[in-house]
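Below, each structure is written out as structure tokens.
The same chain A turns up in both complexes below, where it pairs with chain B and then with chain C.
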Partner chain A sequence: MGIISRAFHGRPREPDAKLPPGQYLVHDFPVLSAGPTPRVPLDRWEFSIDTAEGPVHRWSWEEFLALPQETPTVDLHCVTKWSKFGTGWKGVSLDVLMEDVESAAEYALAYSYGGYTTNLPLEDLLDGKAWVVHEFDGEELEPPHGGPARLLVPHLYLWKSAKWIKGIRLLNEDWPGFWETAGYHNYGDPWREQRYDGD
Partner chain B sequence: MDYQDGNALAGPLSEIFSLDVTVAQGKCAACGLRGPLAQLHVYGPDPGLVARCPSCEEVVLTLVRGPNDAWLDLRGSVSLRIPIAE
Partner chain C sequence: MIKRLAWRVATLESARQETPTAKTLVLDVPGWPGHLPGQHVDVRLTAPDGYSTQRSYSIANASAGDRLELTVQTVDDGEVSPYLTDVLEPGDQIELRGPVGGWFVWRPHSSPPVLLIGGGSGIVPLMAMVRSRGKADTPFRLLYSLRDPGQLFYADELEKVKAGVEVAYLYTRIAPPDAGRAAGRLQTADLIAYGWPPETGPDVFVCGPTGFVESAADLLTALGHDPAKIRTERFGPTGG
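Moving on, here comes the complex of A and B:
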């Protein structure tokens, strides 16, 4: 009986279907930083979307909070190999922010207070895949985690979810951002382990 | 041909990269401040080392270390002045 049950229970465990290759699960929320944490007063905060061809779309903090809000619960995958499951956010879908923006652009460059940038195909920001969030776990988003507001693009490695977001520039050509020009992958799909340039 | 291929860099660069580069004098591309690399403000190490100018906080250099490669990006330095003992 012992042998049989050991054989029965001893099959290799199914890999966790929610954990991308090479990742491990954490329960805290590590903070990685590439510079000083910007402190952005809300009365001077502004988010904008600009294009090569049309007018700049701008939102003040009050205007941003007045937009329809969503509360996505998503898994996060950091390129430094930690993943965190079931994180709860509140913010505005990029589909809402892009509603009145007309552009033929295929690429986006997110830029932040403090100077950080990251690039991604525009389609990765649309169709319910990305948000600008201002609450985490029911609380206002703390500056170390990107507050007052950060980009959230959970299907890509977390460096694409720019903290302290200030705006998005729509571009006809891809324009690699901060980490993408420093050795990291241009796209960053955790399920294909696109960590470094050339992966 | 009026140039050599990059193999001509091997000797001169190996001399420099074997030194303690923290004593090298860097010049910030953003504000022009000169100073030893040891005075830069360094963030990281993950996802990469980011060294910033102590005066203007602009990025002077980044160093990303992967399992098989390292990427050194001197994007924000005009030059490095490296003392070489005779």
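Moving on, here comes the complex of A and C:
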């Protein structure tokens, strides 16, 4: 425990087991991005799984929508301290997208329209832990929140859930992404409060 | 092995009222490692029962030894900001760690012209950039969007800002008679009148509420600014 702040009591609260350390609950949906919001026309949108040698799989928007869809309801935790409970999404599980992929890769780099990147161990994308989603709350995903489609990896801080996703590259070596090379933690587990380098 | 960013004890030395609802806290932070303009800190408050909560605040001053300045806007129903602006007194201590953020920063040795676009309290990290410019040759232009003259932060200092920094005030609701511009939101015409043309390749920093940043960044890219040179920092409607 840190030093006590004189005359600080905080909000009336119940201990909430769903709230990771250092987080507070919000009911709206804040937006955080490092640059302008890219606009991606659906007729030019595509999503790829690739390796350093080239694409393995590629889907157009229609092909992507034709894949089996899931509707996960998950809690979100942003490194800027807000958490939002029970958010409803619609999209395709990475297990479906990776189904026919044979690879010895251990790492993944998600990359986006607009140039954003973020890295994760490949296993964090599999076994029902990650989706590429295109609907939020029953509505098509708005561009400021990552539309047409974003990655959703709710067990890690939200910067890992790359907005405007364009593809996932499978790598044999870990390749730190945008925030990971700008002082943020390489893995980003909210329950271990891995916000910054060295946490 | 990277060392964990440590929590430090900061002591309030003094505070300056910027507006009726915003205060600059002048803190003494022994061992502060220094910072780049645009970076922020995490502040942690702890109650006697062990409950603690954290928020992020942009740093307002240029790096200066153990001295750190944060300008905090009071969020009406906030948990932390009303404490910082209304309860904290000189001599009181809080905890903070940082500096944090390696993207929304201006590095004083970079040479392209700089375009700063701030909305409301989004001026804070931009002011740190203005204050860090010092005697650098890099020309700055600051577009400061605010509701009315009563919301102006750093009024005296911006009034006296040195050659090489041009400041345009864009009032959105109530403009003073001598403003030279009708009250209204940031428009393309403002970017043309007070900004840098895209051909000059400026480094652009936009900070403010989400709607403001979204709109400003869209107008900039439509004008032909390179999206890769537009850095944004958004304050959600929450926080506090």
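FYI, the second predicted complex is superposed on the first by the 181 of 199 C-alpha atoms of A that agree within 3 Å, B and C clash if a C-alpha of one lies under 4 Å from a C-alpha of the other, contacts with A are read in each partner's own complex, and residues count from 1 in each chain.
Here is the rule we use: a contact is a pair of C-beta atoms (placed from the backbone, for glycine too) under 8 Å apart; a residue touches a chain by one contact, two chains touch by 3 or more.
Nothing here was measured: the structure is a model prediction, and the numbers come from that model.
Participant: Is the number of chain A residues in contact higher for chain B or for chain C?
Facilitator: Of the two chains, more chain A residues are contacted by C.
Participant: So, A:36: does it touch chain B (first), chain C (second), both, or neither?
Facilitator: In the superposition, A:36 contacts both chain B and chain C.
Participant: Of the partners chain B and chain C, which touch A:24 in the superposed model: first, second, both, neither?
Facilitator: A:24: touches chain C, not chain B.
Participant: Is A:159 touching the first partner chain B, the second partner chain C, both, or neither of them?
Facilitator: The first partner, chain B, only.
Participant: Regarding the shared-chain residue A:44, is it in contact with chain B (first), chain C (second), both, or neither?
Facilitator: neither
Participant: If we overlay the two complexes on their shared chain A, which of chain B and chain C does A:144 touch? Say first, second, both or neither.
Facilitator: A:144 sits against chain C, while chain B stays out of touch.
Participant: Counting contacts the way the document defines them, which residues of chain A are shared by the two interfaces, the one with chain B and the one with chain C?
Facilitator: In chain A, positions 32-36, 80, 115, 178-179, 181-183, 195-198 sit in both the chain B and chain C interfaces.
Participant: Mind pulling up the chain A residues that touch chain C in the complex?
Facilitator: Contact set of chain A toward chain C: 1-11, 13, 22, 24, 26, 28, 30-38, 80-82, 114-115, 144, 178-179, 181-183, 195-199.
Participant: Can you tell me which positions in chain C touch chain A when the two form their complex?
Facilitator: 1-5, 7, 9, 42, 44-48, 50-56, 79, 83, 87, 92-95, 100-104, 210, 214, 217-218, 220-221, 227-228, 230-232, 234, 236-239
Participant: If you look only at chain A, which of its residues touch chain B in the complex?
Facilitator: So the residues of chain A touching chain B come out as 32-36, 78-80, 115, 159, 178-179, 181-184, 195-198.
Participant: Mind pulling up the chain B residues that touch chain A in the complex?
Facilitator: Against chain A, the touching part of chain B is residues 43-44, 46-48, 50, 52, 57-59, 62, 64, 66, 69-71, 73, 75.
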